[in-house]
Amino acid sequence: MKRLNIIILLIAVFSFTVFGQRKIVNIPDLPGYVTLKCDFHLHTVFSDGNVWPTVRVGEAYRDGLDAISITDHIEYTPKKDYIPVDHNASWKVAETTARDYNIILVKGTEITRSMPPGHLNALFITDANALVKDSVYNVIEEAVKQGAFIQWNHPGWKSQQPDGIPRMYDIHYRLLKNKWLHGIEFFNHRDYYPLVMTFCKQHNLAVIANSDMHGVISEEYQGKTNRPMTLVFAKERTHESLKEAMFAGRTLGYFDDMIAGKVEYALPFFHQCISVGKPFNQTDKSVYFEILNKSDIPFYLVDGLPGTPATITLNANSATRVVVSKTVTTPLAYNIKNIITGENEVLKVEIKY
Amino acid sequence: MKRLNIIILLIAVFSFTVFGQRKIVNIPDLPGYVTLKCDFHLHTVFSDGNVWPTVRVGEAYRDGLDAISITDHIEYTPKKDYIPVDHNASWKVAETTARDYNIILVKGTEITRSMPPGHLNALFITDANALVKDSVYNVIEEAVKQGAFIQWNHPGWKSQQPDGIPRMYDIHYRLLKNKWLHGIEFFNHRDYYPLVMTFCKQHNLAVIANSDMHGVISEEYQGKTNRPMTLVFAKERTHESLKEAMFAGRTLGYFDDMIAGKVEYALPFFHQCISVGKPFNQTDKSVYFEILNKSDIPFYLVDGLPGTPATITLNANSATRVVVSKTVTTPLAYNIKNIITGENEVLKVEIKY
Amino acid sequence: MKRLNIIILLIAVFSFTVFGQRKIVNIPDLPGYVTLKCDFHLHTVFSDGNVWPTVRVGEAYRDGLDAISITDHIEYTPKKDYIPVDHNASWKVAETTARDYNIILVKGTEITRSMPPGHLNALFITDANALVKDSVYNVIEEAVKQGAFIQWNHPGWKSQQPDGIPRMYDIHYRLLKNKWLHGIEFFNHRDYYPLVMTFCKQHNLAVIANSDMHGVISEEYQGKTNRPMTLVFAKERTHESLKEAMFAGRTLGYFDDMIAGKVEYALPFFHQCISVGKPFNQTDKSVYFEILNKSDIPFYLVDGLPGTPATITLNANSATRVVVSKTVTTPLAYNIKNIITGENEVLKVEIKY
Amino acid sequence: MKRLNIIILLIAVFSFTVFGQRKIVNIPDLPGYVTLKCDFHLHTVFSDGNVWPTVRVGEAYRDGLDAISITDHIEYTPKKDYIPVDHNASWKVAETTARDYNIILVKGTEITRSMPPGHLNALFITDANALVKDSVYNVIEEAVKQGAFIQWNHPGWKSQQPDGIPRMYDIHYRLLKNKWLHGIEFFNHRDYYPLVMTFCKQHNLAVIANSDMHGVISEEYQGKTNRPMTLVFAKERTHESLKEAMFAGRTLGYFDDMIAGKVEYALPFFHQCISVGKPFNQTDKSVYFEILNKSDIPFYLVDGLPGTPATITLNANSATRVVVSKTVTTPLAYNIKNIITGENEVLKVEIKY
């Protein structure tokens, strides 16, 4: 029917995908690595999310992300009366758009079980439909066979742990023993779990931050600086390098002006964010200088030594003026309240001027 | 399988629909009528939109709307490889949520043809699947049989009218003659068509403003005061009263700080928005007083008579101080630049003080 | 010199005072009273402030205030090397502008002593220069003779009370006995003092909220809904009615989404802010209805009875949907967390639906 | 009197100057030069401004400026009934604060005459009181003797040139001949004068952008990206280097997302702002790549050659994706609509990929 062809052409023009402006997230690279901004936990209408898969690519593009994974639930597909189940569908739908917008699209899915083991994302898989099996152990085995990075999601989620505290069960130890567990979410959606730092350090796992978004990112994080994201320190901005860096555990979690991760990445990361200016206006009594923070993350320095400022706030994309008495001989040494390096630990830094 | 039941329960709690805060749109009623804020042109994944139908209800709830219609295309279903075609599906999916959130959900669809007659929405229908027919004339006949209000969409859409100017063709006149055409979009998405005012006044049709949203409302209208909406002056806030008011043509279009419609509604509407305060600080020379505008719409008054301010801007939710010389005997008479009452006409008002 | 006249004329045109848009503060009147929004504590370059007095009028106009008092320090004039001391100057400079912008300008000054008695504002005076005396007792006596309303400022200010807790000293009791103390600041700048509620209820004093601004209002309260303001329930919007209401103690303090004051004003105030909509969508199990909050103040309802929502947030200028089980027979009874009516007391309300 | 000393001490603590957060203005340096952000036209209560001089330093600090000049009028001192005239006072008051906050404070004043010659700022002077003379010629002679940079202010100001068009009069040519005129304001407050580009190129003068602020900066430029500022390309961030660069004319004007100045500075400036990413997703048909704009200034590229995008918008701090057909052999050549290099000229650029 010729008429219909014309209609389709016209509408195609009308609904042509334009994603608008891509924000630059001001976060530094580490020496030798490029910092990839990633969200490895997203849902669409193909499970219990409310948007079409290409929407996730558009959000990632605008938000300045480098990589995402759409991880619809294997075991939970409440829209199946309207949308026939195909666990690979969301990846297939999003793939071309991701390539056109230079977003690395990691194929993934969410293994959705009661606790233990709770919910686990399998990332870097090749066929999600092969993960439909009764035994969760067999599902993970299959995922690992496909090359999966296994990530434990929201381990202290109150619907599965009413006290909000993550716990390792037998099955988790078994996964660890098999090297079938590679990372844990420290940040999920708007929550975070301090104990995850202990697990990750003990078992050498990657610290992860994801949105677990079901609705629309821009509506969910209004008033926040950023959506949750995992910072991955990769050798290059490629799918392969990303995967290598994830298995190597070179990550930090970032959300709501907080950074969480291991000292070996958090410390150089902080020092890449700031620079200290030359002293000015040297009087007999005081030294004045500025600390520049060119990142999008504010830093809250506390517990200053006697004679130095008790606290210093280094606002994002700002210069902060510091006045130190000339009689002070102690260095500028601080705890950074919003860089979490352990269950009850924050990053310690020294600043030279 | 007992385990799965538990999983589903837990997730159900997790994904429980919460739509957040409902904004009050500060727009007055007219004497004898309540002003319903409506959007009669919305798409979902069931045609070429990118969101699940309940998202449209949530947006309407938060944006302070009273009524919406989801109008997926009959003839254009590009997601059909993943989502089997059912033209009543988006209404069925959204219905319960709409009732729970007290949003009037008008059953509708978009008849999607090349020009002429272009795209037409059939509103207040009962079965969209019955509108799958070859001849557009037969489709409209069926819609009207179901009780439809027929709305002509974006009549100057550049994909169908490259010069952007709406034109009436034979088929439109035939529809008019049958009383099968009841309203035309003046505002669609981010565009508007001045000539629509002429058509509506000549043929006594309702002036309509809709978003025609395919993506996410909150992303599309960032930086705008409001999404496009049709203001309908209904006897009550019910589905029946809404329908009666639409067929009676008691509407104004509202978008981007502009109002468009017939003088008989625009004039009392303006006077309901403002009030004039008592004069203060009467000197020998001048009278000072304030005009309050308690609506969300700013008004731009231009072409003041000699001796009165040449222009007055009545900002939204603001008081504006006016100083008039005591020697002035002319009234405060203005054209309101952003209340459009004809192709080349704006509303004329007199303000007493 | 003719040339200079022309210059002055031209510049006069250039620097003609235009204060821009006057915001409407959405706060209801009480039955029988009009609610005046007031700030009774402001500084200028005539003591240790940084702006010219007319700036205070412009800020008040834009912020939607009805009345202000400029209260420069009597005993502290650090700019005196550049600006000769005249304690009536700031009032004289601001007077014409206040009249032109319909702002009630209350003549006032700040008596600035160490604790006790600390800092006191004398409001509604006639000559600030007459308040230069050694004994603070004599100063207050003179102020009262001029008809002053005496307001105790920031009684827990840490520079005068290092623990931040207000204390009544002998001189305060003496003032009370003479009826020479009429109000106390509950809110000052960004601080507040819960104990002030006890003092005000015990001695029947007005509860006051002021900015104590030295710099620029718009810079100081960025990110806050509003500057601090005293809500005064006056018979009319006049200088005389304002004074009568202040001495009668008909006030509430308002800042940072908090209201503080006596139950007799706080309770009707809350009920004027909200209205309860008709129930909709009555199912067998639940009643659904909306609570409208048309004020600029959000209300945080806590401690709901069993079977009713534990907490309800009534956002500013928003509608909030409430779902109550039909089996519930208890009323909707809540404590409102952000309406403070005593040192450790908040307002209790019942809501009928 | 011992008591008063304590009072003063306490208040001093209270009113201690804290200017808050210093924003980083993201504007690149030029090779060999550091870009200083400057405002050379500001008023205070010492002429017809409304703020104390230290306020100007605080604004400059927060706004990320490097240098300012307070330029109160010599011939217009409307507050003299309250503030005795001393043309050096604003500099004296601001000096210590400027040093403490590392703001370069250029001593200046505004010579305020009717047209011709209109208003002229004398910058880098040593004694403003010596500029009180009848003949404007003698005033400028004295200023130049002190080492002044003479800047012609708002040459098309409608109070002095009702048609808004700048004109050179005999006295201006005489100043040029003496080398007594060194720069002209292209941007003043919210206005700009295209013809200034012609004057500056013809006579080799510096292109200047200033706020001419009388009120409060943060209130005046709400909704604008930045206050007006002159970008000066100096060898170092010092008073001496700034002066050298100004006399050498190494400047650009910047306001409201517009840049104005000579091609020799505008062209390298643009190329320092952007970088072009590596192509990705090379299909048979198209090349895809991103252009990064890490500056705070958006760039509007228009008049693209056939086969390349007609327009490209490089938003501030954003990446923009560009798709070019592989059949295209023309370079990416554009006019940049918001970089003004002549009365009717904008910057032409080529972008390599």
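Read from first to last, the chains carry the letters A, B, C and D; within each, the first residue is number 1.
What we mean here is this: contacts are C-beta pairs under 8 Å (C-beta built on N, C-alpha and C of every residue); 3 or more make two chains touch, one makes a residue touch a chain.
Bear in mind the structure is a predicted one, so any value in this text is a computation, not a measurement.
**Student:** To reach chain D from chain A by way of touching chains, what is the minimum number of steps?
**Tutor:** 1
**Student:** Moving only between chains that touch, what is the shortest number of steps from chain B to chain D?
**Tutor:** Counted as steps through touching chains, the separation is 2.
**Student:** Which chain has its C-alpha centre farthest away from the C-alpha centre of chain A?
**Tutor:** C
**Student:** Measuring centre to centre with CA averages, how many angstrom lie between chain A and chain C?
**Tutor:** 45
**Student:** How many angstrom lie between the CA centroids of chain A and chain B, rounded to a whole number?
**Tutor:** Once rounded, the distance between the two centres reads 40 Å.
**Student:** If you look at chain A, which of its residues touch at least two other chains?
**Tutor:** If we look for residues of chain A contacting two or more partner chains, we find none.
**Student:** So in the complex, which bits of chain B are touching chain A?
**Tutor:** By the definition above, chain B touches chain A via 3-4, 6-8, 10-11, 13-15, 45-46, 48-52, 54-55, 73, 75-76, 78-79, 82-84, 86, 89, 93, 112-114, 134, 157, 159-160, 214-216, 218-219.
**Student:** If we count contacts the way the header does, which residues on chain A are in touch with chain D in the complex?
**Tutor:** For chain A paired with chain D, touching residues are 21-24, 26, 64, 99-102, 280-281, 288, 290, 292, 294, 315, 317-321.
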